[in-house]
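Okay, structure first, notes after.
Which chain is which? They are A, B, C and D, in the order written, and residues in each are numbered from 1.
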Amino acid sequence: MRFALTPEQSQFAKTLHAALESTKDPWPTLVTLGVPALLIPVEHGGLGADPIDLVVAMEELGHHAVPGPLADTLAALPTLLTDLEQPELLTELATGTQASLVMPPHTPLALTASRYFHLDQNTLTTATPAPRPSPNSVAPRTPLSSVDPERQLHHLTPTTPLAQGPVVRAAAARAFNLATLATAAQLLGAARAMLDLTVAHAKARTQFGHPVGAFQAVQHRLADAHVALELARPLTHAAALTRTARDVSAARVAAADAAQRTARTALQLHGAIGYTREYPLSRWLTLVRALHTSWGTQDHHRGRVMAALTEDSWTWD
Amino acid sequence: MRFALTPEQSQFAKTLHAALESTKDPWPTLVTLGVPALLIPVEHGGLGADPIDLVVAMEELGHHAVPGPLADTLAALPTLLTDLEQPELLTELATGTQASLVMPPHTPLALTASRYFHLDQNTLTTATPAPRPSPNSVAPRTPLSSVDPERQLHHLTPTTPLAQGPVVRAAAARAFNLATLATAAQLLGAARAMLDLTVAHAKARTQFGHPVGAFQAVQHRLADAHVALELARPLTHAAALTRTARDVSAARVAAADAAQRTARTALQLHGAIGYTREYPLSRWLTLVRALHTSWGTQDHHRGRVMAALTEDSWTWD
Amino acid sequence: MDLTLDAEARAFRAEATEWLTEHTPARLPSLDTAEGFAAHREWEHSLAQARWSVVSWPREFGGREANLLHWLLFEEAYYAAGAPARVSQNGIFLLAPTLFTHGTDEQRERLLPPMARAEQIWAQAWSEPEAGSDLAAIRSRARQTSGGWLLSGQKTWSSRAAFADRAFGLFRTDPDAQRHRGLTYFLFDLRAPGVTVRPIAQLDGEPGFAEVFLDEVFVPDADVLGQPGDGWRVAMSTSANERGLSLRSPGRFQATARKLVNLWQQNKNPVHRDRVVDAWIGAQSYRLHTLATVTRLSEGGELGAESSVGKLFWSELDLSLHETALDLLGAEAELDSDWLRGWLFALAGPIYAGTNEIQRTVVAERLLGLPRSPR
Amino acid sequence: MDLTLDAEARAFRAEATEWLTEHTPARLPSLDTAEGFAAHREWEHSLAQARWSVVSWPREFGGREANLLHWLLFEEAYYAAGAPARVSQNGIFLLAPTLFTHGTDEQRERLLPPMARAEQIWAQAWSEPEAGSDLAAIRSRARQTSGGWLLSGQKTWSSRAAFADRAFGLFRTDPDAQRHRGLTYFLFDLRAPGVTVRPIAQLDGEPGFAEVFLDEVFVPDADVLGQPGDGWRVAMSTSANERGLSLRSPGRFQATARKLVNLWQQNKNPVHRDRVVDAWIGAQSYRLHTLATVTRLSEGGELGAESSVGKLFWSELDLSLHETALDLLGAEAELDSDWLRGWLFALAGPIYAGTNEIQRTVVAERLLGLPRSPR
């Protein structure tokens, strides 16, 4: 039992942090640092790293609000394509191709990427962006607009089958789990960034002759956010070790709630400036809202936790 | 539209308040003031008052943490026995007999009283306290002990039938509704008393050289409790006018939540002294906890509200 | 205790509902875009022509002399019909009450009718970079000149200013006076020489507010509201209106709650039942609380610090209505929709019109009588 | 990152579980009654005889020299077995760590073994009527006399004092020194001449705490802990223990969360599902957070203000576990039960060991580096 990052993992986080601080075009930097290769097996040009390294990376990516189909490219697809033995695609991912994966019903839309995949029940196919299929909903638009201006969403049309059968189903479950874990870490990183920014704001800004951060109401809200984040983080680390549905979903539920709570605190304590696009808080506010329903809702994940706890299959959806 | 108490109703509240402030044995005082007669028809020795008068009285009874089977004696039984044409019992109630009514499943236990009634599905009977019927539960004790030391609870054994048939069922629904309304008002009165006591404490008590009530964290919690109570109260008054299941249950849900929230705030801001039996706060803390599940749980009442809103019969229980 | 409506009230509501049902347009583009602003202006113009834009005003200024209850009923009908947000809101709900109380006859006759017809749309200009919740810290100044005043300084978070015609705000006219003293209430033209408006994009990307820079902007004496130096007192009467009865009438939350119940009915997930019920109860209790306030005011009572109770409640209610809806929407929640827009709008509720932190302090000190907190 | 237990840890846990499964008594009466206090004392005596009462202590004082991880595993096994609350808690978790750090060899040898065997049960005597959360406002005094000190004054909210043997607390030994200065840490006998204990009934009616009046109570020099005048520093090390790792180990919340899931399974009302899940997640995250802390401490880290994070979390968690259970119990919730007793106990959590308001201020100022709030 040693429940802490290794010195190497802590150093990896610091390296990523420093690199992301100093670039406006993060993806090439991430490719250079080997982030897309993390979960790709060594024999396909990857680093064969642990899910815990993925969690470390995703926290930093969330901290810097890096856009893109991150959970897909860094988590779901490496494991899916490994399980389904797609060496060429893995090599492509390892070298930095961004790819997006749709998995109805929980992940019905893709983010803009260079490659698209579609996984339904037990068939994995390549795919291509398509107008919205259902004619009686909102007018079809591609891309669809998200609350997060960095997210452009697409419906996909399946094209060429890559794999079929029960093996796909099992691989899909593992891929969904890993994408969920990645999203949890990304949410925590985004939330920590909002808390840090708000603490800095509260120290600098004065009102009624005092720094805002000396007001008890401000202090106590920030303390509550800090506690929520501190307690959610170990769940994410443990889930990276066990990868059970129970632990992954528990981590994701706690991370998403802590992030939403931190977002509200951050906006409230900033006041009007936090409500603008030009102030950096908005990057995380909108990202966190979008991630809140990405890779399964809170309802879905709470249902998975309860199903595991009661060892039966009761869930609503 | 005039959504306010009449001058007479306000005066009635003040009279009750003054009387209860100056007595340690409230029931005879309440009898003198005609409270048990409020909902009894004039022809049976009652006052034939409105449910709104009941609400006014119950708020004051909650404010003074008056013990006893109040919702039964003052609300449920007057309407039930009127509907089922029991003139002698009504006259008895009007003169101050305390009575308790069991209505499984939501009100399975009776409070100590002079008379007991049992109403199951479509039969109303007189009843008598009995040991706990189910042998495989907690050891039978009579009375059963409640979180509120003033509440002694009993299982009842039905004795003589008083009325039977569908008419009982309809009357039972009205009686349950009125008891629920009475409980909502009682909860609000108890919560207001806790808030008043806590405000007084926060003004008087000093810590770190300031009155506790000058601390922002204290001020804001008390403000939130005040808002919750102010917004719950009109629901209770409106429910007294309409008496629909939707409005009565909505009032009860809001009142119980506001009271629970106020109780936590009151205890927290008092600190250790609030946790003692000898300090008066404990009377309301334990009463509010007991009332929280009296005459239906929050779940039951939220289900009734939703059923009314969606005009179908979906409820869990 | 009586919640029944008399025949006159019922007739008034029926008339409003009938007109609104017939005339309410399909969804307009956001009023924070140039296109949407124009469309909303046009809608309010037609509202005014049917005398529905300012029902509580005197007939001479375009109103129907509706009492508070009738105004509430109109608002309920308005939102129940799904009618658009009011682009004239700042003028009608924040400035007009102040004009009625502190304006001259000349000002009322000149300013109110074009406001009612949405020919002049007003922006508020309260905040400054160093004076957000702490309005008394205002630094923008006005100095007297022949026939009027020259205004200089910077206002910010000025809602609607990107597209509006005119604005109102406080300026310091006595540079030596401290805090609340020496402030004057001015009305000025957003297109006057010396005014620069820099739109600010909100969370949704649209310029819902703006910075307003003033450089020796001439304002005639006729556009001082109240007495010079008396601006704080004049503004405070507006501020109570902003928080209180008129800014957020119950109708909009009732309409949203009803939509939320309908949304829940689409799959009736019991896990979400309680939050839906509680949101509906919240809207209902805000309605009833407002009816109690209307009764009190109609019998001579005053609103005062009570308005903070309402503001705290509706701003939290609005958020929980929309957050619940987004949870019901599931994976689609992040996509552009009325619910998402409503959520973004609701997020600002606990901040504007006096932050909820300030409102809690007002409730604690003025309604509960707690000692003044150190600040 | 490694959560696996080595063979030694697994063997330790298995041994504890086996012993506890065999020896844990059926439910004892409340330890806040005379009868229950005696029963709990007897239980802890048998625990000590099997060397399970103070597993983390050195063997010479009755322990097993268990490391922090092993201690956590023991606690998990203890609560999983449904073993009783620890009547010796104040001594073992609050006083003993201070004795290990600041006591003399003589004090440790004299005081620790009877504490481990529950022969001497300790009460804490921190608070005074005018010094609750603000410990530095202590007024009780001690003046030097031949061979020792004479203690006078009043302590309150002294938990366990109604039936305990001895107590520990701070007294002012330099009457001219302000606040934190001039305080001394004393150990005294609750049955000594001059001590009057007035039990105070808690919400459940039992005397869980007491007022302690001291009138010239003689305490020998040997029962001063640390240096005279250094009491504040000595006590603060105890205070970190009270809030931190040792007061509320994760095991009790894990056991409660498991019981809550079982309770929910009895009728699986989906309306309550999320709160049950969230409570279980909370217990799990507190366990993992504690394992991270144990790792950090075992590598030379310090606990410090981090302990406030844990205290805020477990005290709120304990309440939500029990409030959820009471909602699941429905109409029976008001009747005496383990859940109801647990709820009453949990209600005190946000108050004792430094109120949660104080803890939030500590987190804000010491962990987030916010400026000191006016106080």
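The definition used in the following text is that a contact is a pair of C-beta atoms (placed from the backbone, for glycine too) under 8 Å apart; a residue touches a chain by one contact, two chains touch by 3 or more.
Keep in mind the model is a prediction, meaning the values are calculated, not measured.
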Of A-B and B-D, pair with higher C-beta contact tally: B-D
Euclidean distance of C-alpha centroids - chain B vs chain D, Å: 38
Interchain centroid distance [CA atoms averaged], chain C/chain D, Å: 53
Inter-centroid spacing, chain B versus chain A (mean Cα positions, whole Å): 49
Approximate Å spacing (C-alpha centroids) for the pair chain B, chain C: 40
Shared interface positions of chain D, touching two or more other chains: 270-271, 273-274, 357, 360, 374
Multi-chain contact residues (two or more partners), chain A: 210, 215-218, 220, 299, 302-303, 316
Arrangement of touching chains [line / ring / star / complete / other]: complete
Of chain A, residues touching chain D in the complex: 1-6, 9, 50, 52, 199, 202-203, 210-211, 213-216, 218-220, 222-224, 226-227, 230-232, 234-235, 237-238, 240-242, 250, 253-254, 257, 299, 302-303, 305-306, 309-310, 314, 316
Partner chain B, residues of chain C touching it in the complex: 1-6, 9, 69, 261, 264-265, 268, 270, 273-274, 276-278, 280-282, 284-286, 288-289, 291-292, 294-296, 299, 309, 312-313, 357, 359-361, 363-365, 367-374
Complex interface listing, chain B residues touching chain A: 215-217, 220
Chain B - residues contacting chain D, complex: 105-109, 138, 144-149, 151, 153, 207-210, 215, 217-218, 264, 267-268, 271-272, 274-278, 282, 285-286, 289-290, 292-294, 297-299, 302-303, 316-317
Contacting residues of chain C [partner chain D, same complex]: 270-271, 273-274, 374-375
